[in-house]
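There are two complexes below, and they share subunit A, which is joined by subunit B in the first and by subunit C in the second.
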Partner chain A sequence: MIEAIILWLGLLVFVSPKDPAPGLLHSKNEARNLECERLSVEEASRAHPGDVAPPGPRGDYYARSALVCTERLVRPGLRDARDEAILSTLDARSSELAAAADALRPELQGATWLVETYYPDPQVAAKIGFATKNALVFQGLRVSDRTPLLGAGDVQVITRMTPSDAYAAACRRYADNGSLGPDDVLLGVVSLDPRETALHAGLCQQGTWTWLR
Partner chain B sequence: MLLLAATTGCIHVYQPMAGFHGPVVVDPQARNFGDLSLTVVCERGDLLTAAEARTLCQHVGTLFEQQGAVVTTTTSESGAGEFEFEEPAVPGEEEAPPPATDLTLELTSRELHKANDPVSWVLFFISATVVPAVTETSFAVDVTIKDESGFVLVADSLQGRLVRRMGVGAWGTNFLLDSFLREDADRITGDAAHQDLSDDLYGQLGQLLFNAKMQWQVLSQAAAAPSLPGAPP
Partner chain C sequence: MNALRRVFAMALAVAFASGPALAADPLEAAQLAELDRVRTQVAGQVQLTAYDLLDELVLGWIQEPVFTTPTPVVLAGLTVPVGLGTGLQALLENHLGGLLTQNPGCNVQLSHCPSCTAVVVHSGPEGTVVSRGIDSPALLQELGSGGRKYALFVDVEAEGTWLVLRARMTELNPDLPIVWSRTLSHASSVPAMLRQPDDLKTVAEARQDYLAALESRGPLAVPVRIGVRAFAAPDGNTLFETDTFDTYDTTDTDTDTGLDTGGIGIAPPPFYWVQSGIELGMSDARAWISSFVLGYSVIPQAYQGLMGEVRFARLLTGNYRSLTRPDLYAFGGAAVMTVWGPATGSFTNNALNTDDILNQLEGDDPRAVFGTFQAGLDLRVGNRMGMSAFFEFLPSFRDSDNFGAYLSVFGLGIQSFGTEVTFWL
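Our next item is the complex of A and B:
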């Protein structure tokens, strides 16, 4: 009986088409660890020439397409969900923020750009900051690694404010204490709520804070 | 008779392709959208009939009402732009104006790809349904969230596929595996595909709406705040 079941399973595995969907060969978790896209045979054969045969010179006998899947770098559940949401799309997010800052304030192209990240996890905050600086450099802007500073008294007062007031107050203090000069612009990258998986951006220039997105 | 009996055994398997299985932080049991006025628009089109679009809207509406939002649901023909408002009903008024809304959530579904593998059907019949016949549909759910002025706050496309494997081989083997080997969360027979798809869809909609709400609040603050020195008007 057991031999028959093993033979049965072996036959099924052998004759079943390769498919990343959950089934005999893949669990649901394995399938969820993949990012997939549907490509035409032409696109797929150009991108994966060894795996997908190009269409014949007179076309195929039946309509074909390819499902191309790539495994995620970090398996689901390894990182905190919010961190994972931010970090897995960090390149696109930081480029988007830098492009928005540059496009909305074209007159600031000659300024020196500083980046400050407001995110609860310091390691993730450092990665967001680094990616945003890179994206600003890619936009052709002059970027500084300098971090604007607040006095201990300022920090005590500002941390008791609501977020909407705190960023504006911090911006005023940066200008007042000389941390941000007249030619400096601070791009603040902010996560406002622990339940959101998006990042916001604001600009601080000459003591005035403005939300960009 | 054997073939007829065997073909009735089929399983549907759902696989998220992109967007559906992104991380979700929002807790659907919490009051995430207190006092938010939301309009949910479900377009009937390739994949949804009018009745299915209405059912989807009702489910999504209930999801967000449970999280504190005041929800109005509508269905529209794909691309027609004509909305049919369904709730809340206003007794005695046949042509009520569209209710004021903070955010509008638009849901459109479309078919990306449909395949019916002819080789698997040949093997299916030769093997007396031991080898499964496979059909699959890839689909996308386009989600757009706008504010009251029509400004797009969030736009995303969730993509997934539904695979149908037919025959006594696929059904019997998976039934045995589900019964004796797989854990509850890994089972794929029964209604698991629809349940998993619903869980993913509602989870992502909650997350996208929360992100849109935060974006809307930030842009409202930006509109109210004084502009930066030297900024263009």
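Our next item is the complex of A and C:
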């Protein structure tokens, strides 16, 4: 009889759902690397046909739901924590920024939008800029890949100013040297403090800098 | 001489001073090796998904072309997830190049423009600008003079459990307007579609192909099995501890010790079988299947046998047979066997004794016909090859002295254990 129980328990391994919680089969690190979402049976059977059986025509005999767990692509700890926090939610952040810019300044819909990112890591900065440009295009705005330029003397002066003054000064210089025309708007995506993961945004239009958030 | 001593002392000092640094080198190397290993592992998972996104990108251009006529496009930048290195970047660039070459219908002609991606220095009255060629207005004016050209930027990034591809197309003139952009995403839990570069398909078309492939073999298949059955020896038999062979064997004199081979039964030898027949899929995706096979077994001078076997199997790993992962079935069935030959004397209920063996030597080969019930597991790889293991119950020999039991399930002694390898024609 004991053998029969062992046999059936062995079969259960194949037919029972996998538990994502840390324990005998999963370490804590493996569990932390999962993002889980509880779905109704209808949603889960549509999203994962074959893995989750759809409810019967007369309903199920017991309440069911599905916990869908997905493994993160990049293991925690592989990238800098701040970069990871920003990159893992980049799509949501960039869409939110673009929507806010479009909604707060509806009169600028006919302008040409430029994007500049101020983030310590150039690789991450390029990705933030890329995502923001795509999000602005998705909003139906006219976007340019052009980069406004500052002279070497401007850079020397501006980098010695406090952040609150520096962005406004740079904006004035962009307008003065012709990098930003009257129909151009520069959306600046800024990381103000190395300890925070929030991204701030400001608009430069006709030499005037305005913080959006 | 003093100078020589000073040089020697300095060399010693340098050697001792550099001791900790030397000790740190292997650690650093190990850390770098671990980082490389992690990067390789992650890149291996990401690569196929990124390929899938590039396939989707080009497929989108085929279905809704950005340009009405074939247009030169410079691949101005392709960036990969932060932390995954340039190896993945090279793979993706090659894959995108292959896709664009094999799909001229997308109207995107990959154009070579080294000056676009190189760092250039431009000096003018307003100053000297050091930038990528693609950011230099002067260079762009020169490029634009030969007709309209465009630059393609592609970025792939791992965002939590999603791999996101962003692409934009920029016209190469001093205003650099973005004329097209797209964001595509792919969940890490979804397997890559592994499209053919020269035959890109939508997800719906690929799913239709998948279902067609699942059902393409029709309801009938022809399996060929090669298997072996071993029979439990009566020694250590927990089911038959009551000494029943005394009833039949009058020669037994030492049943307590079990050392008298004349009184203890002898299990039949292992039987090798070659079987073939038909397999019927009872549902479209082969979640339920049944099979009927005939088998033949022969070991010259020992035994021969014929058998017929029926099985019903249920897929345990999902509701659909998979083309990419192994499938596990549980099955139950019944078989009828007939065996004959000198080595089949144990297929009786009585313990084999000296008289039986002598009778066999005189040419009177034993023959037995019996039925079995079986249950087991069948692991199939791509429905081309399978491996199965099963237990069998032989009701005719439930009280036989020649059979033991491997285990007891609900009071039934499992007297036989078999393994098989199956190929499908």
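Throughout what follows, the second predicted complex is superposed on the first by the 196 of 213 C-alpha atoms of A that agree within 3 Å, B and C clash if a C-alpha of one lies under 4 Å from a C-alpha of the other, contacts with A are read in each partner's own complex, and residues count from 1 in each chain.
Simple rule for what comes next: a residue touches a chain if its C-beta (ideal position, glycine included) is under 8 Å from a C-beta of that chain, and two chains touch if they have at least 3 such contacts.
No experiment lies behind these values; they were computed from the predicted model shown.
S.K.: For A:A152, decide between first (touching subunit B), second (touching subunit C), both and neither.
M.R.: Only subunit C; A:A152 stays clear of subunit B.
S.K.: Given the touch rule stated above, what does A:E35 touch, subunit B (first), subunit C (second), both, or neither?
M.R.: both
S.K.: Check the residue A:F130 against both partner chains and state whether it touches subunit B (first), subunit C (second), both, or neither.
M.R.: second
S.K.: Thinking of the overlay built on chain A, is A:P22 touched by subunit B (first), by subunit C (second), by both, or by neither?
M.R.: Touch partner of A:P22: subunit B, not subunit C.
S.K.: Who does A:F138 touch here: subunit B (first), subunit C (second), both, or neither?
M.R.: Touch status of A:F138: second partner only.
S.K.: So which bits of subunit A does subunit B touch that subunit C touches too?
M.R.: Residues common to the subunit A contacts of subunit C and of subunit B are 11, 15, 35, 88, listed in rising order.
S.K.: Please give the residue numbers of subunit A that touch subunit B in the complex, ascending.
M.R.: 5, 8-9, 11-12, 15-17, 19-24, 27-29, 31-32, 35-38, 62-63, 65, 67, 76, 81-82, 84-85, 88, 105, 107-108, 164, 168, 192-198, 200, 203, 205-206, 208-213
S.K.: Enumerate the contact residues on subunit C facing subunit A in the complex.
M.R.: 38-39, 42, 45-46, 49, 79, 81-83, 126-127, 129, 131, 135, 151, 153, 155, 157-164, 166, 168, 170, 174-178, 181-183, 185, 187-189, 316-320, 328, 330, 377, 407-410
S.K.: For subunit B, which residues are in contact with subunit A within the complex?
M.R.: Listed in rising order, the residues of subunit B that touch subunit A are 13-18, 21-27, 32, 112-113, 115, 117-120, 123, 127, 130-132, 134, 136, 138, 159, 161, 163, 165, 169-170, 173-174, 176-177, 182, 185-186, 188, 196, 207, 210-211, 214-215, 218-219, 221-222, 225-232.
S.K.: Quick one: in the complex, what on subunit A touches subunit C?
M.R.: That would be residues 1, 3-4, 7, 11, 14-15, 35, 49-51, 53, 68, 70-75, 78-79, 83, 87-91, 112, 121, 123-124, 126-127, 130-131, 133-134, 137-138, 142-147, 149, 151-152 of subunit A.
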